[in-house]
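So, here's a batch of structures to check.
Next come two complexes, and both contain chain A; in the first it sits with chain B, in the second with chain C.
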Partner chain A sequence: MATIVDIKEEKALEVQNFEFTYDGADAPSIKTLNMPIAKNSVTALIGPSGCGKTTLLRSFNRMHDLYPGNEYAGEILFKNRNILSKNEDLIKLRIQIGMIFQKPTAFPMSIFDNVAYGMRLQGIKNKTELKDRVEKALQDAAIFKEVKERLKHDANGLSGGQQQRLCIARAIAVEPEVLLFDEPTSALDPISTAGIEELVVELKERVSIVIVTHNMQQAARVSDYTGFMYLGELIELGRTEEMFVTPKEKLTEEYITGKFG
Partner chain B sequence: MSILIDKLFAHLTKFIAIAILLIVAWIFTVLFQNSMTSMEAFGFDFITETKWAPNLEKFGALPAIYGSVVSTFLAMVLAVPLAIGVAIFLSELAPAKLKSPVGVSIELLAAIPSVIYGMWGLFYFVPIVRDAFGGIGISMLTAGIVLSIMILPFMAAVTRDAMNTTPDILKESAYALGGTKWDVIKDIVIPYAKAGIIGSFILALGRAIGETMAVTFVMGNVHRISTDLTEAATSIPVTLANEFNEADTDLYYSSLFELSLILLVISFTIISIAKFYFLRKKRIA
Partner chain C sequence: MTHTQKRIITNYIVMTLSTISALIGIGFLFWILGVLIFNGIDALSWTIFSQEGAPPGYDESGLKHALIGQLMIVGVATLFGVPFGILAGTYLSEYGQKSKLAETIRDISDIMMSAPSIVIGAFVYAIVVAPMGHFSGWAGSIALTIIMLPIILRTTDDMLQLVPSTLREAAFALGAPKYKVIIQVVYRGAKAGILTGVLLGVARVAGETAPLLFTSFNDNFLNTDMMEPMASLTVTMYNYATSPYEDWQRLGWAAAFILSMFILSLNIIGRIFLMRKRGK
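Right, the complex of A and B next:
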């Protein structure tokens, strides 16, 4: 039903006949959704509020499992396994598939400890290894220069944009294969937003990225593929440069030209 | 017209607010004035003297201060770990179906008048402590246990509230890095809520140190400093509750006032520390 463009790259994730129902809801929030996510690319998910894009994103790292009663159906394939399976090791999964949230979420600890946190959870205690990887992650997140003098300071002293880049550093420090961005710039000013967008584009060399955004210009600027969702269904997945110019579906056209939203 | 009403209302509320401050100052003044006789007679020795002998006109506050401090300390040692456990359970572990009923019953427990804890302690805890630890059962230890039970619900409820202020998104961020429930509790929830948790402990401490009815029944009002916790003892409020109607001389009367002044200063200090250092509003991450 949905128009899905042929993806030439390898696939990082493959959603097959996916359905998701929130605890206590009568109807599923996502209905029989099929969607490939290209490797080492940025895939943006757009659509009006309540269309299920964040719900889909939070299924990729099984965040929904933190709250009882939510139900998945269908399959999400990642490295040749169905991550929705009951035996999936969620801790390993979340190390491999990282997430950045709507608001910066610096932990109540120092800048260094924030970035080292994920590595320490994995039991890495070697001080030189931690230090090297923390610095590398901070460099990759383009924030090292600003914080190198105050790694021991409380991370909450950083500005919103800096905190969000810190969160990105923290996420890439554990070397995930996929990074999920849930409206990462919705709490940031335009300059910080530009910084994060630049970073997203740079990061795709190393990780596959899925980004949920309310901002269509942002999707156009950062992504290679764009998926338009509406009422819990994927309407169209296309190459970004094509989809914003010549959408195949009428609904997509109406949405990106601002007829509803 | 409506501006006039606004102004009138503002002045009225201002007056009431100032009145409260005046009442506090008034209480302090009354206690201070009535303590003068005792202060002149004993000076600083009042605090260090261990003898309390009304028939000899000799009054030393140390046994009562000691009793207040030790019984409160015992109560805190017993209650803190339990309160943290209950709070962690309620804020992070309990299924939604349990959270609300258990939470509400703990808040109800916190509202039980302390005299009831005292009666319950006298009739049920005194024999238990007597059988288990020896002595007559009316003792410092019993007072500590009853106090700990009394402050536990309050502490657990406030600690839970502090833990509940941890934003979900912060916890999710830790889970998203591969954290377990235990990791999130110890690395995110407790550090985030730390100030509020310590604040709640200090408020509970303030309540325990001034608590009268719950301990009057089970402490014994014996002015003696003993390291044996199974012996009867006293505390400042216990002394006050027991002895005011026996105070037949000016010096006795004034000494009791000085005791209450000491208690007021201690409580005030404790509550101030809690309020100013730990319970300030913090910004949300």
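Right, the complex of A and C next:
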């Protein structure tokens, strides 16, 4: 059984007896996993490659539904409902639970249109409202100063770090309640990485954040809670400052001291 | 002879042979273009564009009928072929993906691409011309549409698959429904590639003669009624070039020149788009 620390905050998400099996796989990739995600804080998921951390993350916005044959079991509670239910409106869910990917995913359109994309999907057409909210989102993503002169330019002309911040602006523009980060800095240089990390910490005042990372220093720097996963199971969930100093589980200790992984 | 010397000599022989072969190939291409330009430009004049066909021996004869007929037949074929081809390619890449049905369509369309165009002409003759009782511009357009379809379908399919799946996922993650992801994100990412496919598809059918012989046939005078037989540059060129009259033969050269320049420019534009896309 996993060691799970008592979370005092309200919970943004609650994973209960969750199981996930990829299409055609013999065994589930995630096995009976229980895990609370605290509201307005950053939860980092760490663990060796293939441990299921990205699979878990992509279950929170049902990304796996884009490909046929994947199967969920158990429950993930969000706002008192099970988002794994067949009746779940995935479009609404994905507006409420946003995602940032490993590689920047700027759409082939202007910087402005990129950020306005999600709002336009929701039917917002008023030009002043769009403009105000795009600027606000760009400011919140700490990129407005760099791009304010060229909002009409193609977003693919930006650097990797700028594109990633643009994607964050695009995601927060629709005001989600949860943001999922899937190794958001693994394709970026150290300076851009520091910028994104700073942003993650700032954003937790408004959204609850789950971040998958391969980099334990990053988990230590940005997160309030850390979950260590191994072979499809959650081994330990603890307060970050405690878990990196005094892990309760032997496996966790071995992983964070670099004995395997 | 040492091993190294042998290797150097072998290398030299292979390089020389392949360079000569390449030069021979290119030589023929320039030869063809040279003959076309030499004879074609000589035959070009204003009356080519302003006058219809006339019996041999008339000064005032031109290719206006064939130019307009060609544009109408190819234009209508493009109007049908492009949307169908793009939609079918979209089905393959975005909906069918690796399913059995999609893979079967891919295989059949590859076979269709290499089908002799005269067979397509005979097919359209059997299903359109014979029941109608006469040749028509429509029948020509239908034949060209069938030839164009697999080209556009496969390029669209290939180009859409080149759009990274993370871009689609990012759009879905913002709450976009599938059709909006395809239209607003995937199409935009593949714009240059799809346009290239369209241009190459049009260029391919614009040079077809055999299927038109069976379908739109020919007319030596201007006709804009698609229900009737219609002139085209290719069939007109064939008729004029094989005639014994010198003035008709000159018109045949002019037709060949205009047609080649049209297809050459479509190909060049298509390749420029493709290069720009790769350059990114």
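Keep this in mind: the second predicted complex is superposed on the first by the 261 of 261 C-alpha atoms of A that agree within 3 Å, B and C clash if a C-alpha of one lies under 4 Å from a C-alpha of the other, contacts with A are read in each partner's own complex, and residues count from 1 in each chain.
Heads up, the rule we're going with is that a contact is a pair of C-beta atoms (placed from the backbone, for glycine too) under 8 Å apart; a residue touches a chain by one contact, two chains touch by 3 or more.
Because the structure is predicted, anything quoted here is derived from the model rather than measured.
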Chain B and chain C placed together on chain A: clash or fit? clash
Inset, instruction - Answer with first, second, both or neither: which of chain B and chain C does A:84 touch in the superposed model? - result: neither
Once chain A of both complexes is superposed, is A:138 in touch with chain B (first), chain C (second), both, or neither? neither
Dual-contact residues of chain A (chain B, chain C) 61, 63, 66, 91-92, 94-95, 98-99, 101-103, 105, 107-109, 117-118, 121-122, 156, 167, 170-171, 174
The residues of chain B that touch chain A in their complex are 95-96, 167, 169-180, 183, 187-188, 191-192, 194, 283, 285
Seen from chain A, its contact residues with chain C in the complex are 61, 63, 66, 91-95, 98-99, 101-103, 105, 107-109, 117-118, 121-122, 156, 167, 170-171, 174
Per the touch rule, the chain A residues reaching chain B in their complex are 61, 63, 66, 68, 91-92, 94-95, 98-99, 101-109, 117-118, 121-122, 156, 167, 170-171, 174
Chain A partner, complex, touching residues on chain C are 164, 166-177, 180, 184-185, 188-189, 191, 280
